[in-house]
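What follows is chain A paired twice: with chain B in the first complex and chain C in the second.
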Partner chain A sequence: MKRAPLQRWGGQLLQARSRAAMAAPAARQPFAASLHRHASSAAATHSPADDIPAESLRSPLPSPRPNRAAESAKLAALHARLSLSNKIPLETLARALVVPSADVNASFNNSNLAFLGSTFINYHVLEYLAVKWPRLPMTILYEALRAYAGKESLHQIARRWGVEAAAAPGEEVDPGLLQWKPQESGLQTRWGYVRAEAVHFDRFEPRRGISSRVVMDDEFGDTLQAPKTGPEAFKFYQDEAYGSFVQAVVGSIYTHCGREATRDFVQSHILSRQIDLSSMFQFQLPTRELAMLCAREGFSSPIARLESETGRLSRTPVFVVGIYSGSEKLGEGSGPSLNIARWKASMNALKAWYMYSPGNKVRVPSDMFEEDAKPWKAPHIDIGEII
Partner chain B sequence: MEFRALARPAVRLLNTSPATTLPLVAVRGHKTTARTKRSLKIAPHDSFLPNRQIAFPAADSIIYNPPSSEASPEHTPFIFLPSNDARRAAFTRLRHIANSPAAPKKVSELPKEVEYKRRTPSYHLGAEDIKEMKRLRNEDPFKWTSYALAEKFQCSSVFVRMAAPAPAEYLKALKDKAERREGRWGHIRTKAREDRKRRTDLLYRGEM
Partner chain C sequence: MTIKAIRAVATGQNGVGSFILQCKKLDFHYCDWAGSSKGMNGFIKSLLPKFATANPQVEFAISPRPGKHPVIIGHYINGRTKPICVRNLSPYEILKKAELLRDANGEQLKRHNRAVTSNKPSVRGIWSPYHGKGMVV
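== the complex of A and B ==
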């Protein structure tokens, strides 16, 4: 097996250190057991403890040993199913399956690989969204990013890869199973600022503007939250555990195979999923928003025109209303009353504005890393949403 | 019902005596809620019902909702295309061909406008008027409601509420009054109001 050059910074994650050589063994080895072993090795007299092998005296490890990875059929099958490169050893895949809630030791869990992978997933999804739909409002952009790269979606992806979880993590379980517990690990895995007003959240709900979300909150515009308890905790930590495995796989692909392979993997497993943007919108005053859009862009003010109708005096009338700006049609909607049809037509016109896309095949900035790439042509940059 | 519809004109012909308060054929109104509801219950249109003319295995009929002909927001209208988009140049070229179907219609050829209540802003109020509006509102908010002020100053009540907001105690009195009124509602009316609100939310989320 060929080894990849480890000059990249991700390479430092892969240093194979034996458990005995760890600088801080206290987390893995109880003090009493280590004391006992030292004493037994130093003692000249024969004691009954010497008959029992040292292996059974120490407390069990929180996760399987890395050297058991080669024995696991599940792990080899997962490696083959994902068509991963031979450069990625089974040990790295086994480590990607150990979630910090099962094993807090960062030298044996996937926290580093998952953080590295999450930055690549979020980057590739965000550049695709920003170029493919340049007019999306910020809230919809956050939700679209979550639909592709959020932990719920990554959980689904991991399930489709056939990843199964161990009933309880431990040394003896198959290393091909996901090792997780429904609890907070204590390791910092989410990033964002704690807001100054966070101490008053129990008394009032402060206004949280979009600009402050960009600066203060995490990559999906969510505030940092206290550890979950209660019935929703299981679902929350399960999503996080499975999601962190997908992120760690992407991180290990970057570490062993490089940037191109990472981009291809993200495109084929994450960006290949379909999302319906038009169902994400919610409007408050669509007719007014459309009038403001037309005023901002210099179009003549929108006028609703009745395109067709049927059964006006019946139980189930249908009106089809089109919204026109001058002689240009902006949108069309149908409904059981004239007002509902007009509102729907306005909403369709606004969605058509926001969901403008330059085409199905868009070039993203990371395409420029390819050799002999064509010169970069700037994508459409919109002036922003209607306020 | 059928008999009565036939009998009534016949009775009217035969009836030569001076008009009496009592009709000859007893006409029964719907005196209770249950009867009124039952009489108003109309069967849906045939196109909404499954096709029963074909034998059972083939009797499935699919109603596409929303219909495939419904306008999709995926289609960007011509004027929404930015100037650097390739489609814009292509459409502009198409539109300048004589008798092209892509050419926009004249305004006179477009369908008629939908009539709904709207007003055109006239911007006729000055700082003095707004000062006077505020004075009146604070003087007697119960007499000078937003509607009364709107009528006096020939503007919309929304503008009055923005320019001369009512004092807090007046708003509280209004809110208490509304709460007392809503407290007297039965469960049917309460539920109907909630459902209407839910339907509006569905509409604005594009789910209706």
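== the complex of A and C ==
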């Protein structure tokens, strides 16, 4: 068992009293206070004997001191596990682990790095999606972006990097642990406008068109909403905390190593993940949409033909229906009834249209930054959605 | 707009794009007095510094456990731990055990009785050059 030194006891009591007197503003520290904390820590290292009372008087910091980063074995191991360049100091990685909900002071938390990193992650993912699948509808494009670069995905990435969270953030915990709390930080860390109708969101879901989502809402087309409470809040803030670490790592790579290293890191850790785009489509009127597509493109109107069937009078019939435009087959589907088979065939035809891809080796605009890049050839740009 | 999107999260596989070593921490426990720790003490003095510098992605922790057999405990990213008791082993045997723990992925040991484990198993089996029309070897 560890014994607490007697001279510290008085200090702890004093501290408790002073914190009780301060009451509410314990979570928020003004910038001046953060400057002061450096001064006091420097003084403590110079003459510890004289400064003990002053040291114990000050309230504990919300996150570990930056100069403790070099002592942390966890942090060094994490740095090596991610194969980060030596140009990225351990102090930066330690800062990337401090989430605004734990330490609201932007000089010590990861909010700036995370915002920088999120712009790079979203840019690289979005340019890849837009060039690889140029005909994706905007809703699917948003969801595909979220599937790669959304909070849940980044949370999983951070977990697979072996990032552990501290039980509670504080000055004394290991700087190699993620410092976060399941609560709103009060810092605005996302881009977007608060809509005029946001006050009514609890009563009804207003209709939002895609164009207004592009202008008003955040990078995944979600509205800015009030701080979460209740059981889903923990998961929400946990995703946000772990995700902000991944974003901050990308931001620190850009800060210390530059553009190419950032692109390689995003490609190897985020774009290397797999999504099945064809399972993300949900159609409401597939036959009508296919008819409109054929009318727009000047194809003859689609006709469903029964290709084969088995067990029409049995309990488990199977019909195979093909959708033809003139003599060209657009799609094929099978189902237990003629209508379902026809709908499935139309959905397959529409997916074949929307998921057109020029190939796996597509060049993205950021490839042009390379030194000996060949001249740019414009990718296929689609004229837009059907309905 | 008749198309709605269904939410999904991209799935990753370790080694596709990037590889993360699954062992994140190795604990070494020793006893100064007991004879079963003789090899472990020699290992910590002679071999461990080199092993630790060769594996910077693993966190190393060394602590005494008086009156107990020496043990190495590996902590893995999936949350599991693997302890190996290394009583009466020589330093080089202990190095083998430490390498085993470093290279493990933390999963429980499984019996693999198929040549290929796949997410999308082939309907027709794995192609072989020595069957069917045949290739002269």
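As a working rule, the second predicted complex is superposed on the first by the 328 of 387 C-alpha atoms of A that agree within 3 Å, B and C clash if a C-alpha of one lies under 4 Å from a C-alpha of the other, contacts with A are read in each partner's own complex, and residues count from 1 in each chain.
Just so it is clear, a contact is a pair of C-beta atoms (placed from the backbone, for glycine too) under 8 Å apart; a residue touches a chain by one contact, two chains touch by 3 or more.
All figures in this text were calculated on a predicted structure; none of them were measured in a lab.
**Student:** Mind checking chain B and chain C on superposed chain A, clash or fit?
**Tutor:** Fit.
**Student:** Pick one for A:Q274: touches chain B only (first), chain C only (second), both, or neither.
**Tutor:** Second partner only.
**Student:** Using the touch definition from the top, say if A:G150 reaches chain B (first), chain C (second), both or neither.
**Tutor:** second
**Student:** With the two structures laid over each other on chain A, which partner does A:K344 touch: chain B (first), chain C (second), both, or neither?
**Tutor:** A:K344 sits against chain B, while chain C stays out of touch.
**Student:** Mind working out whether A:K235 is in touch with chain B, chain C, both or neither, as first, second, both or neither?
**Tutor:** So A:K235 meets neither chain B nor chain C here.
**Student:** Of the partners chain B and chain C, which touch A:R259 in the superposed model: first, second, both, neither?
**Tutor:** It touches nothing on chain B or chain C.
**Student:** Please work out whether A:R208 is in contact with chain B alone, chain C alone, both, or neither, and reply first, second, both or neither.
**Tutor:** Once the two structures are laid over each other on A, A:R208 reaches no partner at all.
**Student:** Would you sort A:Q284 into first (chain B), second (chain C), both or neither based on which partner it touches?
**Tutor:** After superposition on chain A, A:Q284 lies in contact with both partners, chain B and chain C.
**Student:** Where does A:H200 make contact in the superposed view: on chain B (first), on chain C (second), on both, or on neither?
**Tutor:** Touch status of A:H200: no partner.
**Student:** Now for A:A80: first (chain B), second (chain C), both, or neither, which partner does it touch?
**Tutor:** After superposing on A, A:A80 lies in contact with chain C but is clear of chain B.
**Student:** Quick one: minimum Cα-Cα distance, chain B versus chain C, in the superposed arrangement, integer Å.
**Tutor:** Taking the overlay as described at the top, chain B lies 8 Å from chain C at its nearest C-alpha.
**Student:** Take the contacts of chain A with chain B and those with chain C, and give the residues found in both.
**Tutor:** In the superposed arrangement, which is not itself an observed complex, chain A uses residues 279, 281-284, 286 for both chain B and chain C.
**Student:** Please output the residues of chain A touching chain B within their complex, sorted ascending.
**Tutor:** Spelled out, the residues of chain A in touch with chain B are 278-279, 281-284, 286, 299, 303-308, 311, 314-316, 321-322, 324-334, 338-340, 342-344, 347-349, 351-353, 355-358, 380, 382.
**Student:** Which part of chain A faces chain C closely enough to touch in the complex?
**Tutor:** Those in contact with chain C are residues 73-74, 76-77, 79-83, 137, 139-140, 142-143, 146-148, 150, 152-153, 156-157, 159-162, 210, 267-269, 271-276, 279-286, 288-289, 385, 387.
**Student:** Give every residue of chain C touching chain A within the complex, in rising order.
**Tutor:** Chain C residues touching chain A: 1-14, 16-18, 20-21, 24-25, 56-61, 77.
**Student:** Applying the document's contact rule, which stretches of chain B touch chain A when the two form their complex?
**Tutor:** Spelled out, the residues of chain B in touch with chain A are 42, 44-45, 48, 70-71, 73-82, 84-85, 104-107, 110-114, 116, 203-208.
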